[in-house]
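Here come two complexes built around chain A, the first alongside chain B, the second alongside chain C.
Moving on, here comes the complex of A and B:
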């Protein structure tokens, strides 16, 4: 039944593979989507004109840029279902070209933050400035709040109970129980929006009565936020040398890429 | 907690019942288990046992709730309350006989070890400890907190001072240095003025094209004498060339005054047309050369013979813009005393 629903002709190879996966095809699109091999990609490319491939690449780039406005990660399943569609047999090639476009045209990096679920985000590839930019472009106050939360989590070893965060925020005049004039529903913003954007992780602690959660850095934070720079900021605030926090200093300056998500350009076979 | 209490009260008589039955069975058997001191005294302890069991269970529940309620208190490294709780539990455990109490003991242990883990993580930083309260204070200062004693400010009941409007924006701007956020895609909401390519290139191309066209078109003109709209201009140019040549034949040496050549004293519009057509000849530079740009009077030299054409562009190319208005036209007529037009007006066929 589901096979008849699928678009025809250009997907002969992927259709043959999916004969075993008739069940839940729409829900588990990603599970059903198996990475085409290099030779399949080659064959697929031969059947298409360069203009068609470029067009599809451009569509993928636009999709990413619009999704990035809300800082929501892009799932591979959504990308294939809504944008790539018939061109899924050359998907790795399209993604490779899109990554190159991001790098060369926009100065952005396409990062895979979740190898298991295949989620991607865009990260700035350019050097972060040392001081705040002299251009007074509108800034997002949520980033300020996020910085405060991420700093606390990092300085406290990477995991904190939610109460610590709520108490700290209260001291900053942001009460999760009340509606804040700038942020609105603070609790929802922190536990829902930041989590969906993958800046934070909000996990339930087992065996707690009443239910408590803990906060950790999210995958996007790992890719986007520099721990060294946060430590520098701490040093400025407390008027101390960042090195006095030896444990955090070590973590921030150890392997620069160890805590960051692997980039998509490194492993071409696992996209 | 509530569930376990209710369950305990219901199950207690049953358990005691079975326990007492067990004891009775044990009594009947002839001392199978050597260690059990079974005697008439145990049957009497049934009621005490029940009470004791309940007491133990209630003590355990108290300990568990104390750990959970006073969590913050116990976390503080300044006291040993957690250790005291564990010692208390140890004492209770000696009297534990049944699964019910053991389960509560296990539950207490889970809660206590959880707390213990957190206490241990407090010893995380071997360097300076990090105090979130101090951090919050520093952050408020950074955001520009005005620590004034403001009696009129009713909003801030607990703390002193008030935050400026852009407090969080200040922090956000500082955050930009720590984050590698991709700038969001947004519309520019403005015009985008694209610079044209460097003008020199354009001029060269423009100059080359008409000369080619002129060369190409000229021969065909001679073959076909049809009159079509598109060729009207070229025909005119041809015609004017004819006038020029006839003029030259009359007087080969002297240059022609430009204005005398193009102006038609009877019609301003015809003058403009003449200027237009002559400009083609000048541009081509095959038939006319403009010399002596003195006082806006161009003297035109003799037309070059058709064999001696220069290829493409060679010597200095100059451009000039000639403007003429009816007023100037009249002044020119008076200045040059032009009475007749050299270029005869075209036949009325084309009009």
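Moving on, here comes the complex of A and C:
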């Protein structure tokens, strides 16, 4: 990341005086970050020009976009340490403005996926269009395969043993044991790439010999993928009414999208 | 007439009829006032979808951009006027500006077509790539750029690039590492490769144009016809003239002319005149 200009020394020292009771005085790695109160944020804002706040918001937005390009979640600790820095006393305001920018400019939603560790991802807020885009996207085949995996997991109640997924892929002529023409190392893509991106969870089943894992939906899938749409597709595939899968139908239609984790609430993802 | 320079620019606004007495500043203000005040020029879902696609694709050709524009408007039931793509992009750019991002337009030196690229305006150096490449990889990219800019034909052979690793000041790269890096750079659309020779990609030229103009001001060639920086070009053989013209600009300028003559010194233009290439779009048809 580039070196950003710090605010003038007089300003930062007055800020430090105010933030002294919130954070450690030295710019340490393991600064314990306490959320500033509304009045503290208000006081902090009064000491800064609108241009300064806008600039800092823009830096936060850029940081997120770079991380999100690789589908890596952003940790609040890293965000504060590397970008927010001396503006940490108005952190909630900056994050609020960044979220507004993501929504209004990019059609993205800032979602908190881990309330304990304070991690964020950007999720697509635009509705899935009926017609396909005229632009060929390189990620499309991977998404197709991922969707197949997510469908299997969802239809089977939310958790499946890994063998079921490997067998499903084999049926789709994507053998995890062989190097695939399009996907390369299939096993790595599914158990590493999709997991790091938070599309899937790949968890070891205890007391299994040889070691076995199970797959679940990841937090990004929860936020981005519509269970209702999966059920709809299943209905078309099997020429059945989606309602015939009563359990899945209930799950797909019980949660309105707004109840998914957002920046203000700290709800954990529903299963 | 236009208030922007003719080098690769942000997709310019429409040319509406102007009273001759208006200054450049009031013209810009009028356009901006229109953009801000007029509700129909607010950023909508169609703009966001266009931007998201640009973020994923990085660079698209003009035909694809037009198809995408139409698709975005139709998907979100927004009024669509085929000749208003530049206005549409202007709205997006006005909201991207605070983040030092822009959708910019530029010409491909290979096929002469116009391309749109989403670029980072903040960096004045190649540090924009620093989140993806290690220090020594960036050094090798700089060396490759040196070779390309200073070459006559705008190309660098893989042999020359490999040889340049000898003079690296950061951690030296092995042959296999260099080859792997080059294929990454091609994949990430910084370089193009044909028959073992590397050129700067269209996206690279669009994004790095200000940097290249500054860094290489003594060496960089400028096309006499379109005024943009030029790498793959033809040069007038007259020693007192020596103007440069992009290959596609040569094709267009001399099209149909039985006896091609230098537009600057009128000497006979001795080079082979390429054919004007027909559009072959990235969009699905």
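Everything that follows uses one rule, which is that the second predicted complex is superposed on the first by the 217 of 271 C-alpha atoms of A that agree within 3 Å, B and C clash if a C-alpha of one lies under 4 Å from a C-alpha of the other, contacts with A are read in each partner's own complex, and residues count from 1 in each chain.
Throughout what follows, contacts are C-beta pairs under 8 Å (C-beta built on N, C-alpha and C of every residue); 3 or more make two chains touch, one makes a residue touch a chain.
As the structure is a computational prediction, the values presented were derived from the model and not from experiment.
Of the two partner chains placed by the overlay, chain B and chain C both lie in contact with A:131.
By the touch criterion defined above, A:61 reaches chain C but does not reach chain B. Counting the residues of chain A that each partner touches, chain B and chain C differ, and the larger count belongs to B. Using the contact criterion defined above for the overlaid structures, shared-chain residue A:248 touches chain B, although it does not reach chain C. When both complexes are overlaid on chain A, the residue A:105 reaches chain C alone and has no touch with chain B.
Once chain A of one complex is fitted onto chain A of the other, the partner contacts of A:179 are absent, as it touches neither chain B nor chain C.
Of the two partner chains placed by the overlay, neither chain B nor chain C lies in contact with A:116. Overlap of the chain B and chain C contact sets on chain A: residues 65-66, 69, 106, 108, 124, 129-133, 139. By the touch rule above, chain C contacts chain A in their complex via residues 43, 45, 48-49, 51-53, 55-57, 60, 64, 67-68, 71, 74-75, 95-96, 98-101, 122-123, 127, 130-131, 282-284. Residues 1, 68, 110-111, 114, 118, 121, 124-128, 130, 132-140, 142-143, 156, 159, 163, 168-186 of chain B touch chain A in their complex.
Those residues of chain A lying in contact with chain C across their complex are 1-2, 54, 57-58, 61-62, 65-66, 69, 101, 104-108, 124, 126, 129-139. Chain A contributes residues 65-66, 68-69, 71, 106, 108, 121-125, 128-133, 139-148, 151-152, 155-157, 159, 161, 164, 167-168, 171-173, 182, 207-209, 223-226, 229-230, 233-234, 237-238, 240, 244-249 to its touches with chain B in the complex.
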